Amino acid sequence: MSFIIRRLAFYLVAAWVAITLNFFIPRAMPGNPVESVIAKYPNLTPSAEKSLALMLGGLLAKGSLWSQYVTYLGHVFTFNFGPDIAQFPTPVTTMIGQALPWTLVLVGVATIISFFVGTTLGILAGWRHGGWLDRSLPALMFLQAVPYFFLALVLVEVLGIELHWLPVGQGYNGATTSPGWHWAFIGSAVQHAILPALTIVLTSIAGWMLQMRNVMITTIGEDYVVAAQAKGLSSRRVIYTYAARNALLPQLQAFGLALGFVVSGALVMEIVFAYPGIGLLLLNAVSSDDFPLMQAIFLVITFAILIANLIIDFVIVFFDPRVRAREVAR
Amino acid sequence: MTAVAGVWRNLPLKAKVGAVLFGVFVLAAIIGPQVAPYDPSYANPDPSLLMAHPSAQHLLGTTQTGQDVLSQLLVGIRLTIELALLVGVIAGILSVAVGVTSAFLGGVWDEFLSLVSNVFLVIPALPLLILLLGYLSGKGQLPTIIVLSVLGWPWGARVIRAQTLTIRNRDFVAAARESGEKSWRIITLDIIPNEISLIAANFVNTVLYAIGASVALAFVGLTDLNSWSLGTILYWAESQQALSLGAWWWFVPPGLAVALIGTSLVLLNTGIDELGSPRLRASRGAAKIAGHRIWATDPTPVLAQLTAGRNRVGAFVHSFSRESLLDETPAGGELR
Amino acid sequence: MSPILDISDLSVVYRTTGGDVRAVEKVNLTLSPGEVVGLCGESGSGKSTLAYGATRLLRPPALVTSGNVRYSGRRLTHGGHPVDLLAMSHRELHEMRWREVAIVFQSAMNALNPVLRVQDQLLDAVTAHLRLPRHEAREKAASLLDLVGISRNRLRSYPHELSGGMRQRVMIAMALAADPEVVIMDEPTTALDVVVQRDILAQIVELKERLDFAILFITHDLSLLLELADRIAVMYAGRLLETGTAHDIMREPAHPYTRGLLNSFPSLRGARRELAGIPGSPPDLRDPGPGCPFIPRCKHAIDACSDVDMSLAPWGAPVIGDPASVTHLTACPIVTPQVSQEGVLS
């Protein structure tokens, strides 16, 4: 249990760093972001200007740096990110709240599928090191080197436009249905999610496979696998319960670390598909100099990844008895 | 020189292919701009040459505004590779410095540096990059390089620190310390030479990451749009709807170039991995004995049986079956 | 009594890009039912390769290049003639493993699956070979722990929660799960401290008496074998140099290498003498050179040693009328009982 607590403490430190970065970056930038925003959007109310100043610093900010920081921290903890600039006066949190579920579901499901399939293939490839599955890796690695969005473009072109198999763009068919918990919407949403999900899976599967295969090869060389074979256990038992169970641990750790990359790629890909997720929101925010939104999204993404990492830590503790023991013994 | 030749011989085929492929792109980067037929920014006003298919004059066709795609590609390769290599070197030096120092010094310094590395590892890089560049837009390549380097070193630092810790505890280092060798001498003469393959693999990884990140950033329009990197070409292609207008020659070549550069680096890295990890290497060449493929988990082969021959076609076909993938039953019948 | 395990002319190589490493070269070794045979040699001598090669557990690039390993256990042969392990199919090997020949590995920490409980690992061994209903299988697994004197509430422990000695005993218990005829023990006590070693060895002896299995005991520690083994085989650079009863070896070691080994540890009784190691190191097994591999380190080597064919020949006088009764064999041609008695050899 204390393992989890230590990890939690670590994530809190990381979150604090992210928040602090968020606070200082606009203040460290050359030029005056606040002025440029005000110049671009003359219709802002004074309270909006105040919250903007709090977020970005600059000449309009009241109070010392420290007091601004403290107030800022308070705002973050209460999820008060202020009103949006480009779509004034919609609060930032509302906009994020609309976009986040799309990204979470798409990226979450696709990543998990990709991890499972890739890891399983990696187990088989490592077991039959040198076999046909193993030798198909370079081809898959090529797929992985292709930028997410490029593959997205190709898939859109081939499957969407040329073959008309799948819909292109948007999260659902706005003309025929509207959001809500009914089949027409869910069906449409799923249809629209297939291409983006396919992109994510295709580009990341090789990575998981290669990683697992390498760990499997090392694990198979361990004495306990030889011992398991000497015991005359079935191949299935040896591969899964003796080799793969142990190889899974470094794989899970790698998963935690790779989450950041996965999410990053998915964000960019959302533009190509005009998928109404948080990536599209972020990039629109950037092009319209919508700083409060940009900062809020960065924080939300970071927090989401930290939480996901914590969940993975739970899974690791579940699978590795040594971790549990190491901490108990302290 | 013989050391290099020795290394080359030991690389698996995959890695050699990767190295050669990457070499081709480096060559293109060096001579590309000289060889480019046109100025990539030159917009030919001739209406028949707008979004034109590849032709003798424009081997890769033209863009919406009449610019030559091939020239853009050649200049783009140089810019992208330059940037990636630069980031690789800077981040590489940083990660080696931090990794080795924190492992060597230990104690509070180690804890602190490790904490910093881990924090930057877990904070997602691309959103942070987007945030930073969002404020800095239009300020040239330098911010991109700096930002990528600053975010790129933690990964390598972690790996190198782990390896340095292992080496540091080995006897020959302890002996050197006992005999009073200066720390920096120990580091440069004992520790670093033992980590060369790790440092090389780390460098390749960083370059890979830099390419991916810079292309992605350029694609969303966050880097300097006045300079022609591969990502910028893609940006313009996307914003001008090259895809739906059918102008495949505009966006396929740069995308393909990125993919090929990336693949070559990944292949190269597999080779370096195998060089550095004896187990991977040992099991690589070991799979074929007396002309038969032997899996690592098969019973020890007996020469008399192998030379008795097996039905080759049967074995090949059988290797696709689920049994063969999971079980030990050999193809073509019993090993009698 | 006919041997239960008859290894004849076994050669194992490791096929590397730099050539074949001759890890085991034409070794003959027999194991009779209920007998303890000690296999002694320094690291790299090929003793483990011999054992794992014979049971076909070596990984690529290992290759068995010659020989037979004939096993005569009743369950497999049903009273018929012995089966050759080297000629078995995968399926047949599967049946043989653990039920006929079980192995106790060197380092129990490495040989036990770190993420499985002791109970599950024991159950694996039990259910793989015995058709028992679930609760009987569990009872059998628990009774295995009783065999080695470990409390049953250790069943739910993980390997890292046990002490070194306990882990080794779990390994031994596991090896006995399917009631094997032969147990190969690969340096089972090397990683343990002396006191625990004693306990484990006593345990092994007791179990052997009770359950009647043969043991092939591999170690570098000759002193251990002198007490434990019925017969001892000395290996060096992939070849057998000498075999004989423990008594023979201890009283009149024939081969200079064996003498060197005996001289390298002190004995409790007898005069104090200077301990001597054996200077030098084993040869490169890719090309060990002609004749006896011990030549570079042997004080008594003569030119004729390079022509020796390394087959084991009897040493000492046979019982009159029964030439086959000499059990003490050696590959060294220049050593004769007379030479030894004259004290020429130190």
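Note that the chains are named A, B and C in the order they appear, and that numbering of residues resets to 1 at the start of each chain.
Throughout what follows, a residue touches a chain if its C-beta (ideal position, glycine included) is under 8 Å from a C-beta of that chain, and two chains touch if they have at least 3 such contacts.
Computed from a predicted model, the values in this text were never measured in an experiment.
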How are the chains arranged in terms of who touches whom: line, ring, star, complete or other? complete
Of A-C and A-B, whichever chain pair has more C-beta contact pairs: A-B
So, in whole Å, the Cα centroid of chain B is separated from that of chain C by 48
Quick check: how many Å separate the C-alpha centres of chain A and chain C? 55
Roughly how far is chain A from chain B, going centre to centre by Cα mean, in whole Å? 22
Spell out, as numbers or ranges, the residues of chain A touching 2 or more other chains. 221, 229
The positions of chain C in contact with two or more other chains are 57, 59, 94
Identify all positions of chain B at which a residue touches two or more other chains, and write them in rising order. 283, 287, 295-297, 328
Complex contacts: residues of chain A adjacent to chain C: 221-224, 226-234, 237, 241-242, 245-246, 319-322, 325
Of all residues in chain C, those that touch chain B in their complex: 12, 15, 17, 52-53, 56-66, 86-91, 93-94
Contact set on chain C toward chain A in their complex: 55, 57, 59, 94-99, 102-103, 105-107, 110-116, 124-125, 128-129, 158, 160-161, 174
Please output the residues of chain A touching chain B within their complex, sorted ascending. 10-11, 13-14, 17-18, 21-22, 25-26, 29-30, 33, 124, 127-133, 138, 141-142, 144-150, 153-154, 156-157, 161, 210, 214, 217-218, 220-221, 225, 229, 235-236, 238-239, 256-257, 259-261, 263-265, 267-268, 271-272, 282-283, 285-287, 289, 291, 294-295, 297-298, 301-302, 305-306, 309
Complex interface listing, chain B residues touching chain C: 282-283, 285-287, 289-290, 294-305, 328-330, 334-336
